[in-house]
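Got some structures for you, see below.
What follows is subunit A paired twice: with subunit B in the first complex and subunit C in the second.
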Partner chain A sequence: MVALAGSVCLAAALAICLYGIGASLYGVRAGRRDFVASGRRAVYALAGLLVVAMAILQMAFVRSDFAFELVATHSSTTTPLFYRVTAVWSSQEGSLLLWVLLLALWSSLILFMTRRRLREVAPYATAILLGFGAFFCALLVFLESLFAVLAAPPAEGTGLNPLLRHPSMMIHPPMLYSGYTLFAVPFAFAIGALVTRRLGSEWIRSTRPFTLAAWLFLGMGIVLGARWSYMELGWGGYWAWDPVENASLMPWLTGTAFLHSVMIQEKRGMLKVWNVSLVLATGVLAILGTFLVRSGILESIHAFGASTLGIPFLVLIVVMIGGSIALVASRADHLRSEHRLDSLLSREAAFLLNNLVLVALCFVVFWGTFFPLISEAFTGEEASVGPPWFNRYIAPLALILVLLSGIGPLIAWRRATAANLRRNFALPTGVAVAVLVGLIVGGVTGSLGALLMFVFAAFVFGALGQELVRGVRARRAMSRDSAPVALVALVRRNRRRYGGYTVHVGVAVLFVGVAASSAFQDQRLVELRPGQTQRVDDYAITYERPTSRLVAASNGRLERIDLGARLQVREGDGGPVRVLETFKSYFPSTDASLGPISRFFEGEATSEVALRAGFREDLWAAVAPDIGRLRPRIEEGDEVFANATELSREDRGAFLAEALRGLSRSYTDSPPPATFRFIASPLVTWIWLGALIVFFGAGIALWPAGAGARRRATATGLARVARELERA
Partner chain B sequence: MAVLVAVAVLAIASPLRGGEQVSHDDAAQAERTELEAARDAKYAEIRDAEMDYRTAKLSEADWRGMDRQLRREAVALLHRLDELEPEP
Partner chain C sequence: MDPSRKRRTRLVVALTCAALLAVALVYTSFSAASEARQPSQLASAEPGKTYQLTGRVAAGSWTHEGTEHTFRVEDRAGGGPSVPVRYVGQVPDPFREGREILIDVKRSGAGFEGQPDSLVTKCPSKFTAEPKT
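Here is the complex of A and B:
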């Protein structure tokens, strides 16, 4: 009954989308505001119905209602509550529902905010947003079985993929999907602006908070994914240029380019074709990103047909690309620039260069990601490119990007003179040179790329520090405030500028961390017996003893077996000894053909790394126990169980627990050598710290000005300009 | 669930119950909001130019020249706004 209610919600949602598209388009074409309002309300109703559908599914997961096929295949009674709640979007069906729900919520918000403005543009945007809604609802109604019910519900579910049992991995999809769906908003309004030929600043101004929020959420999702990779995947890295990672990076890069170049359009009426193309491309890449993650197409072109989502997504992407190109081409007259570039020594020129670098970065990522498909299509053989290929082209572009993030703020809009440039570049250049000399003297010369990144980052810090000091000084000269008060007032009155500067600082910090951890990492893969020591960088790491434990869930069922190692770490000669513990968790397989003991070692396994994170360096350790030595005992145990057919269910459970306890004791009593991966990686913490600074800066830029400030700004401007009118 | 769907349908249909509402001034309103957006962007440009001067990215002479030009452009936008019919 409840499942049926969920299905009815989805069907009604689809019908409402189709009605809303028709009502919005008819209303705007016939000049009927009542139909336009009805179309807008269709978006609100869509959001309401999808909230109900999500609530139905959430409750089923929380209650472990295995009558729902989705719950039975993605959760279990041993899954902790937090992961049961978030397991909804660990499935393809649940993630599609999350996508369209977030789309409906953000669409409702923007349409509510613009209900009295953009009266010509908003109905077309409504139709586009509901078009996306209809697409995803149709997938859920016709191709996916979100509320499928099992005739014979199992007593226990399959459980959540253990790799996803990490907080960042559960928050990562809502962040990513918020980014994708928020980028649908400027896409839709750009289409509306093109259709109506209302290509001024109003649609950009109205959608800017959503564009910035999309950029922020997508960035958070990307960083959360990197953090999960570093902590859970057991290889010690945070970015592997995996297609799934790249899928989220591409719209973030073009979105970054758009956020910069749109300022040129607002100020100078330039780059209109470029900007509208960027925002449309970002929307397409957001859909493409969703498609890549959910279709499995990048594993093989032959998987395309096997995925039910492949053809519909491809049709949608082709329609988006074709429609966008046709619209931009047909509105070329209305997209002419109002001005030309005054000077190559201007902030506009710096932003242009920044855009070219960002788009080049996106192209490199796109080419490397899709190369397997391209090569298979043309040669019949799948050839992939790995991290070395990406790094070869990304690294120099990233260097230019960081340098530009320091240069741009130092140059005035419209034109800068040589004297101005000398005055503004002197201090940052001095800081960069001082850092360069210091690094060379300190012997940090092992990597030219890393050295340049450190020097360019120093330039950025010098440039933005100078900007801040001069800004506070100027503010104090006008207001006589103390420095802290002047700083707050300065940032409050110039949120976009100083929010952007903060983001630039964060980006520089982040790339310093990436450069240092990539270029100066010391990694060892070794086999150790208890008592043996391995030196890594400045550390002496001793494998003290093995560890093992059986972990039960809250309902008493055995959830997993942990086999690991306790390590003693001494830094330098005579430093204090610290203890680290790392282990591998073995989750049971659901394959009934396996023996009751061996199924614990044939299912999923996750690495719990030992991490000593510091501002200067991370020490990372992961163990891979040699369970091969346990095989004879495992097989012996399976055989005993196979022959013990007379045991009752309770006795089998107790016997199994005792057998597993004995197995884990045998691992600690006579441990085989274990394989360890040790990594000493400098400045990894700077990556996470830089990301936090970036998010803080985006938050500053996103924070709305108070109504009083807006009125004051407008009234002040009016009064000042009016005085000029009188004098003119 | 039937109640929920009925509520949704009622909410969507309620604007239609008030009778036909024809919009006559959407184009004028769009023109006004475009000009207001352009005006606000121009004011932001005037403030940015002053900020650039006060943080030594522009000399005083360059700033005064730019400021005069920007204010002329702002005045032109205000004139265009004045020529539009007032908002109802």
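Here is the complex of A and C:
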């Protein structure tokens, strides 16, 4: 009954989308405001229906209601509550529901905020957003079985894959999907602006917070995914150039380019074709990312199993690209720049170069990701490129990007003079040269790429530090405030500017971490017996003893068996001894053909790494216990239980627990050698710290301006309209 | 310089840079790429050439001694010829017999040598959805 209510919600959501599209388009074409408003309210209704559908599904997961097929195949009674909640979007169907739900919520917000503005553009944007909604609802109604029920519900579910039992998995998908769906908002409004030929900056101003929020959320999703990979996958890396990772990076890169180039359109009325193309490309890339995970067209370790969703997504993408190109081409006359680039030594030129680098980065990622298809199309042979190929192009482009993030804020608009260059560049260049000399003297010369990254980052810190100090001084000269008060007032009055500068600092910090951890990492894969020691970088790591434990779920059932190692770590020759523990968790399989003991070792396993994170260096360790020596005892145990048919259910459970305890004891009493991966990686913490600074900066830029700032912005806008009217 | 001529010069320089990048991308990607193969397509594998092998770990074929692993890989659809692979390193957590893997390999005698750190196992995670038949 409850499942039926969920299915009805989905069907009603699809019907509401179709009605809303019709009402919006009829309303705007016929000049019927009541229909336009009705179309907008259809988006609110869509959000309401999808919230109910999601609540029904969430409750089923929380209650472990295995009558729902989705719950039976993605959760279990031993899955902790926290992860039962996240298990909803671990399935293909659940993730599609999350996608369309977030789309409906964000669309409702923007349409509510613009309900008295953009009267011509908004109805078309409403129709586009509802078009996306209809597409995803149709997938859920016709191609997926979100609320399918089982005639004979199992007593226990399959359980959530252990690899997804990490706190960041709770927020990684919602962040990523928020990024994707929020990028649909500027896409929809850009289409509306093109259709209505209202191509001034009003639609950009109205959607800018959503573009920035999309960029922020997608960035958070990417970083959380990287952190999960570092902590959970047992290989010690944070980025592997996997197609699914790349799919999230591409719209983020073009979104970054748009956030910069749009400033030139607002300030100087330039780059209109470029900006609208970037917004449309970002929207398409966001859908492409969703498509890549679900189509199975590229080999990815993260992709969903083969599904039937590839063709519908492909059709949607072709329609989006074709429609976008046709609209931009037909509106070329309305997209002419109002000014030309005055000089290559100007902020506009720096922004333009930054855009070209970002688009080049996106193109490199796109080419590498889709190379298997490109290769097959041209040579008939499917072939792929690996991380070294990506790094060859990405590293130099990233260096240019970091340098530009320091140059952009320093250089003057329109045309920089020699005096401007001297005044603004002397100090940051001095800082960069000092760091270069310091690094060479300190012997940090092993990698030219890393060396250049450190120097360019120093330039960025010098440049932005100088800008901040000058701003505070100017403020204090006027207000006589103390330095901290002047700093806060300065940032509050120019949130977008100083938020952007903070983002640049964060990006530089992040890239320093990437460069250092890539260039100066010491990694060892070794087999150790208890008591043996391995040196890694400056650390002496001793395998002190094996560990084992049986972990019960909150309902008393055995959830997993942990086999691991206790390590003693000494830094340098005389440093204190620290203890680290790493283990591998073995979760039981639901395969009924396996014996009662062996099913605990044939299910999923996941590494829990030991991490000693530091500002200067991370020491990372993961163990792979050799359970081969336990095999004869496991098989013996299976045989005993197979013959013990007369045992009651309770006795069987008690004997099984005892047998597993005995097995884990035997592992610790006579441990076989274990395989360890040790990684000493400098400045990894800077990556996470840099990301936090980036998000903080984006938060500053996103924070609503005060009344005073809004008045100033309105005055600037009015002045601009007046100038445009004069020209007309 | 005449402004329109200046703009043309800039455009030519920009397009030249873009063309150079494109040529470099095309050349290096085709020359550095590993051909993707399933086991049944590896009969004619050339020695010394790297292939990206994709397939399933055959049942009952995985043995290991310390960090040295040997297993056979068969086509994803199952059946057909399987190829023996030797891999030195740590296998990913989800690595199991019957799981889909990707690994860069080179021919070595009658079998194939897995390249260091190239073994990835398809994440079964969210993605229980095998095609429903």
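Descriptive notes on the structure:
In the analysis below, the second predicted complex is superposed on the first by the 698 of 728 C-alpha atoms of A that agree within 3 Å, B and C clash if a C-alpha of one lies under 4 Å from a C-alpha of the other, contacts with A are read in each partner's own complex, and residues count from 1 in each chain.
What we mean here is this: a residue touches a chain if its C-beta (ideal position, glycine included) is under 8 Å from a C-beta of that chain, and two chains touch if they have at least 3 such contacts.
No experiment lies behind these values; they were computed from the predicted model shown.
In the superposition on chain A, A:Ser95 makes contact with subunit C only, not with subunit B. In the superposition on chain A, A:Arg205 makes contact with subunit B only, while subunit C stays out of contact range.
Of the two partner chains placed around the shared chain by superposition, subunit C is the only one that A:Glu381 touches, whereas subunit B remains out of contact. Once the two complexes are overlaid on the shared chain, A:Pro372 sits against subunit C while remaining clear of subunit B. Contacts of A:Leu525 after superposition on the shared chain: subunit C is touched, whereas subunit B is not.
With both structures placed on the common chain, the touch criterion links A:Ser482 to neither subunit B nor subunit C. By the touch criterion defined above, A:Arg117 lies against subunit B but remains apart from subunit C after alignment on the C-alpha atoms of chain A.
In the overlay built on the shared chain, the residue A:Thr445 is in contact with neither subunit B nor subunit C.
Comparing the two interfaces of subunit A, the one with subunit B and the one with subunit C have no residue in common.
The part of subunit A that touches subunit B in the complex is made up of residues 4-5, 8-9, 12, 16, 19-20, 31-38, 41-42, 44-45, 48-49, 52, 117-121, 196, 198, 200-202, 205, 266-267, 410-417, 419-420, 423-424, 467, 470-471, 474, 477, 494, 497, 713-714, 717-718, 720-721, 724-725, 728. Per the touch definition, subunit B reaches subunit A in the complex via residues 1, 4-5, 8-9, 11-16, 18-24, 26-27, 29-30, 33-34, 36-41, 43-49, 51-52, 54-59, 62, 66, 71, 74-75, 78.
On the side of subunit C, the complex with subunit A involves touching residues 3, 7, 10, 14, 18, 21, 24-25, 28-30, 32-36, 52, 54, 64, 66-67, 89-94, 96, 102, 104, 117-118, 120-131. Residues of subunit A touching subunit C in their complex: 73-74, 89-92, 95, 158, 161, 163-164, 233-235, 240, 299, 301-307, 340-341, 344, 356, 360, 363-364, 367-368, 371-372, 374-375, 379, 381-386, 388-389, 392-393, 525, 527, 584, 602, 604-607, 622, 624, 626, 628, 673, 675, 677.
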